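Naming follows writing order (A, B, C, D, E and F), and every chain is counted from residue 1.
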Amino acid sequence: MKKQVSLSKEYAKGLWDQNPVFKQVLGMCPTLAVTVSAMNGIAMALATTFVLVFSSFIISLIRKLIPSQVRIASYIVIIATFVTIVDLVMRAQFPDLSKALGPYIPLIVVNCVILGRQEAFAAKNNPLRSVLDALGMGTGFMLALASLGGIREIIGSRTLLGMQVLPDAFEPWLVMILPAGAFLTLGLMMGFLNSLVERRKRRDEAAVLAQHMRTPAAAMLEGQEG
Amino acid sequence: MKTIVAMLVTLSLIGVVSGGGLAMLSSWADPLIAANKKADTERAIFLVQPSAKSYEKVEKVAFELYRVFDETKNPLGYALPWEGNGFQGKVRMMVGVSADLNTITAIEVLDQVETPGLGTKVTEEPFRKQFQGLVAVPQVDWVKGVPPTKENEIQTITGATISSKAIVGIVNDGLAHLRKDMAQGGAQ
Amino acid sequence: MELILIFLSAALVNNFVLAYFLGICPFIGVSNKLSSAFPMGLATTFVMVLTAIVTWLIYHLILVPYHVEYLEYVSFILVVAALVQFVEMVIKKVSQPLYRALGIFLPLITTNCAILGLALFIVLKDYSFVESLFFGVGAGTGFTLAISIMAGIREELDLADIPKSFRGAPITLIVAGLLALAFMGFAGMITV
Amino acid sequence: MSSVTVTEAPTGSELLLSTSPHLHSRWTTKQIMWFVVLALVPCVISAVVYFGFYQLVVVATAVVFAVGTEALIQSLMKKPVTVTDGSAVITGLLLGLIVPPNFSLVFTALGSVFSIAIGKMVFGGLGFNIFNPALVGRAFLQAAFPVAITTWTIPHFAVDAVSKATPLAALKFDHVATGLSPLFVGNVGGSLGETSAIAVLLGGIFLLVTGVANWRIPAAMITGVIVFGGGLWLLDPAAPDPVFHLFAGGFLFAAMFMATDMVTSPVTGTGMWIYGLGISLVLVLIRVYGGLPEGVMYSILFMNAFVPLINRYTQPRIFGEGQA
Amino acid sequence: MKFNTFPGGVHPPEEKELSEHCAFERMPAPSMVVLPLSQHLGKQANPLVAKRAAVVQGEVIAEADGFISAPVHSPITGTVKSIGRESNSSGYMKEALVIVPAEAAEGEEIPDPVMMPPLNPDSATVEEIRARVKAAGIVGQGGAAFPTFVKLTPPEGKTIDTVILNGCECEPYLTRDDRFMLERPEAIVSGLKLIMRALGVSKGVIGIENNKPQAIASMEKAVATQNGLSVCALQTKYPQGAEKMLIKAVNGREVPPGRLPLDVGVVIQNIGTAVAIHDAVAKGEPSITAAVTVTGRGIRNPKNLIIPIGTPISDVIAFCGGLTDDAAKVVVGGPMMGVAQHDLNAPIMKATSGIVVLTHDEVRKQEETACLRCGKCVDACPLHLMPTRLARLAQLNMVEEAERLSITVCMECGSCAFTCPANIPLVQWLRLGKQRVIHLQRSRKNTAA
Amino acid sequence: MDLNILIAIATMGGLGFIFAGALAIADKKLRVEENPLIGQVNDVLPGANCGACGKAGCYDFAVNVVEGTMAPNGCPVGGQEVANDVAALLGIEAGEAVKIVARVLCRGGNIEAARKLVEYRGPQSCATMDLVSGGSKQCQYGCMGGGDCVDVCTFNAIHLNENGLPVVIDELCTGCGMCVKACPRSIIELHPADREVFVFCKSHDDPKTSKDVCEVACSGCGICARKSDGGVIIENGLAVIQWDNFDPDKIPFDKCKSSAICFLRDGFAEHQAEVAAAAAEMSPEQSN
């Protein structure tokens, strides 16, 4: 019924084409809440990826056993179990990180990226593909969180991964580590990424145009960029 | 009927596996988490009573309180965890105070949700340092914009007056409770 | 008074969406039309109250007495998911118009982190049963307020000449950021 | 083409073709904008008189960066550059007038850029923004550099040292009230343009008389402050009295120049009243109960967000609708 | 003294002084006439003559086709030169007859004009009045050119209690109705009484804006002795002369959207229509002339003229001394709602009320700028619409939303565009929006059926 | 196995059992009949209920798709795969039919078409120009050059050339018909991409008028119709191709004085050169 794509593609699609943050606009809560620093972002993404991968694996294993009426309830219990595992382990082994991510660890349960992937992918594919898909999504999530966290950390506290990267003369913009800064930064990032994509698309179109029309309209089109 | 049985069995089974697994995990994690928590408290106690070498929990009071000792088990004073309202939410702190309850040894902020970069300055060294050796009778007071002149005064942080005042308020409130308890002989 | 403050705090000062980043997905996803945003807010408020009640009972009657607090997430989410599904079925059966107006938003609410967040906050802040109720209503009102404002603005922005690459999610996030800036004015007003 | 020929007929070769109506009123957008600029001049003068010549540099920086940002973004987006319409000048001027005296030029410039870029251009430019751009810039500065933006300077001719803090902050944190007459002439601490009620009223009345600003909004705001502020004051005399509310802080300045911004205020008469009353309610709440001494900026931004809803629900009754 | 009016509206410069003192002149027959078959609202008339046929002044050359339609009479005696598509002052090419005057040089006798038999206006019966108005091809002179006969034949079950004569002439520049009221008050009163009799109404009001004190005095004098007739002086404000606004101002009733004045018991007729009805009944004249104000700073000698219908605009302009050098725009109708002409060969039609020539100075190019949402258009709209939003919705083709906000109620009076500081062509967008909404409604009806 | 573990198992198992039971009963008792298609569509959707489509969850999306108020590709999470599945369920198969493209059937550009002796002021959109005496060209039927078709094309497949006429780029055109709807003069039509000959005129004017207003107008002379054996008919002064029995070989293209009927590409290329030359001549004047 469905065309089988290559395994590497199964992984790679999460990086950009179906990036959970930039493309699907999912998992916004942790994306915005914990990215006051790059480290927090990475840690959160790791935790999410862990849950995503394991729950994908389990769910794709038992996908045929679950009756559809209790599908969501079952999935979410499985997810919640892994989240609790992450939480307990973190509190036991990495108390500082656990403090920093605070109440947002339990909210991984309701991160729509995870439930979304279970429903959209793991419930319909074999364990190998599901795990690859989960890893890809996790990596994509990590890319987004790390870059957002990095930007906010640099401007908001002059540091990157805890090391000072901007001179003392630079007054940090406190707004960047506030909620407002999170929304604004992500909004602007998405806007600029979109405009890059748009630009590339226009260039491709201009190429087609140039090939098939012997008029300077193609140049005109290029002029409309931006 | 078959689906109903399937539903019951599946969801119960998942619940059972999940509950069991988590219980086993928690039996491993719980002691570690408790230890972490204890280490945190211990660290805070020694931070607010730098010269202390050991401590014990005071059991008779209605609130959490630690008495600290030097090498020779002489009582140095107390470490009092206390909390109150800050600018945006609860602030939890540890107050170190001398045995006669008249001088503060140091303070430490344990938990807060103040404005990052602004209210959070109360957790930083320059502000906390003002409390070291601060006279706490009749109570701690604050001044704004100018250096303190009296020995029971501290200067508030520019732009974070409310957070600064909240800290002072929590310290005073905690000490007041402690004194009341002492007067009733509870802590002895 | 305390109860009213809890309500106001949850609705305005510590708005779930704009201060705690809870429930952002529906806030961005379902805010393009007021006609769907407002019912969404109502449905969320309804589920929040329900959740506040049920999870408070579970926590205080089962988890605490038997010292299995670590089952918090698993049991809460199971309850929320099942409850939402159940309520959806009931509404669908009882009243088709009500289902059209409110019920269809229910599945979306399961994965609304504001719901689970609410349950966890109640535990964290150690609210009493009645306080939990007020907190639930307040948080729901705050969510409804935020999503309705956003929907109003987005309908207005449909008429605006927004640069193409900023349409949709980016401009919504930017507006949310500016809203968050505006809500900062309430900071320090109530500390509960 | 008609085959009819007419002798001595006018050719019509230079005629214009356009849709009715063929007459237009004298108002143009440009004129409205430059009238606002003119109305702000007294405030600029009062800023220079009370806080020194440097303030002119601050205001100029804000204006230059606002205009520059708009021009730059428009040319980057390959849209016609319309900075001559004066709207960016107003944004710059307003922003320059609501920062504290001797404010850092770098921050001023940053605020201007943010005002125009995020407050306005991202929404598609003039006419489409939801929030008042100058206030967006100010709110950004407040959130980014809270210390710098609440560091006040003593005005020239200050009567006493207390004037260093703004009257509102003095009342809130130190429980020191400021007299009315310094508030009126502007001899108090505060943002550049907002301290002198005389200067603000001069410009504001000019705008109201010429009809550039709609009188309903300032009227609603003043009514609101008297009612809500007065109500709280009657309940609790420790709260500021309504007259103090009226003249302290940026209230008048905001009522005249910020809230009346056409783009971000409602278009209907009823809507304007709701908007103005809403601003003053939120303002009084923040001033009396909030953690901040001044809240006029936040209250306007907050109500800006409601404008689409207000417009929607105060839409006038269509003529004849609901009749037999 | 407080004059009645309606909420909203605007005050454009009046500019009536250019032509208000000029008494009506009768313009001689032109070298040819172009007679569009559709000079009225409703179905186009059916031509009765063929190419090269000889016609006599007053002869019916096209008959009404259907209930809402009106016949066309030849304004001159001559020969049909062609039947085809000709420019029309609405700006489009429409079916029209072209007639050239008969040449009298060869001593041939030019036949007398064909007139209908005069009737006694005081004793004509309801049926006689209706039949005469229909046969004379009279259409409303207010601009919409609605066949008057239809208005005099209200549907069963409607009760009408008031007839209002519209003497507001709220369009700037125009002075035609003003002149009628000064020169022919008796004809107006007689026409009004005929209308009232046809409708069985005993109350007649003549509404006049207070910028025409002489006209008010003249009409007050004329109705002084008449039972049930009165003059109502109104505040000078545009669009006071719009039907709905006039009713609101005169007796406070509001005509609901999509309904007609007769739904609130009122029939409105224009001053010019009343005169035409009087002439048709008392003198037997069909509708073959139009009373037109030719004015504006772009015309050398502004005049008020009685012009044979079908006369090309260029002839009329030439008769008034031609265009000045800085003439920029020729508008047929008033400057607020009239149509700018691109082809001056277009003819004068039955309902043409004015030709206004504006100069470059008056129509100087103003740049369109962004909407500031200042709300001036919302204040100005007499129908309480939100023009700026509707225009934007039309521009973005958001038809359903525009429909929800009642765009179809708009009567294109132009108050919004007049007052708009951003110079946005609101009327043009609104017109487009209306067109699209109506199209949508029609296709919806089709799919439903 | 200590007690704690047993309690945990009992709690979770119990909760699971209770809620599964409740749901099972609800499922039995509360089942509501509905269009089975909704359920089928709902099943292929991701089911994340994330709201990214703008609807209240996947079920709402399914309802809307089935009712036709939303496109099958409206789910950003599911992407193309889901879109294809949904489309398959709904039977909206794209299929492998002949490619359909838009064709602009007017060649009266700025150079060929006579202009009115007036200066039009107002929005340069065809829809609005059409309301003001039909814009600045004399012809009431032809292209006004306002570019409404260009604006509505989401695929950037249509552009105005120097002559002010829209040109379709076949490679990008999807045949969606948006431009057809946008054109107030209905001069754009959808045709199979392999059709080569068209009558590039929509004017119903009489021969003299059409000659006056446009160099490339069809005057309805009927030369092409006479030789075409019914492949072309004259309707109301305009040649109209009857595609069912049209044979280009029978058309005497050289006899058409205005080349209103001609080959798409040939006529186009030739004409393009003329236009370019004319435009080059005109441009210095126009630029002032």
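Worth pointing out:
Keep in mind that, in the parts below, a contact is a pair of C-beta atoms (placed from the backbone, for glycine too) under 8 Å apart; a residue touches a chain by one contact, two chains touch by 3 or more.
Computed from a predicted structure; not experimentally measured.
Listed by label, the chains touching subunit C and subunit D alike are A, B, E, F. Each chain gets a centre from its C-alpha atoms; the one nearest the centre of all protein C-alpha atoms is D. The chain with its Cα centre farthest from the Cα centre of subunit C is E.
Comparing the CA-atom centres of all chains against that of subunit B, the greatest distance is found for E.
Among the chain pairings, D-E comes first (most C-beta pairs in contact). If you average the Cα atoms of subunit B and of subunit C, the two centres end up 31 Å apart.
One inter-chain figure worth recording: subunit B and subunit E are separated by 86 Å, centre to centre, where each centre is the mean of the chain's CA atoms.
Centre-to-centre separation of subunit D and subunit F, using mean CA positions: 46 Å. Taking the mean of the C-alpha atoms as each chain's centre, subunit A and subunit D sit 39 Å apart.
Taken residue by residue, subunit A touches two or more other chains at 25-26, 69-70, 72-73, 77, 80-81, 84, 88, 112, 115, 174-175, 178, 180-181, 184, 188, 191, whereas all remaining positions touch fewer. Of all residues in subunit F, those touching 2 or more other chains are 4, 7-8, 11-12, 15-16, 19-20, 23-24, 27, 48-50, 52, 116-118, 121-122, 128, 131-133, 209, listed in ascending order. With touch defined as above, residues shared between interfaces to two or more other chains in subunit D number as follows: 1, 3, 11-12, 14-19, 77, 118, 122, 125, 128, 140, 143, 146, 291, 311.
Pairwise chain contacts present here: A-B, A-C, A-D, A-F, B-C, B-D, B-F, C-D, C-E, C-F, D-E, D-F, E-F [touch as defined].
Residue ranges of subunit C in contact with subunit E, taken from their complex: 158-159. Interface residues of subunit C, counted against subunit D in their complex, comprise 34, 148-149, 152-153, 155-157, 159-163, 166, 171, 174-175, 178-179, 181-190.
In the complex of the two chains, the subunit C residues touching subunit A come out as 18-25, 27-29, 70-74, 77-78, 81-82, 85, 107, 110-113, 115-117, 120-121, 124, 163-166, 169-174, 176-178, 180-181, 184. Considering their complex, residues 25-30, 32-33, 72-73, 76-77, 79-81, 83-84, 87-88, 103, 106-107, 109-112, 115, 175, 178-184, 186-188, 190-192, 194-195, 197-198 of subunit A touch subunit C.
Within the complex formed with subunit F, the subunit C residues making contact are 25-26, 28-30, 32-33, 36, 39-40, 62-63, 66-68, 71, 74-75, 78-79, 82, 85-86, 89-90, 92-93, 104-108, 110-111.
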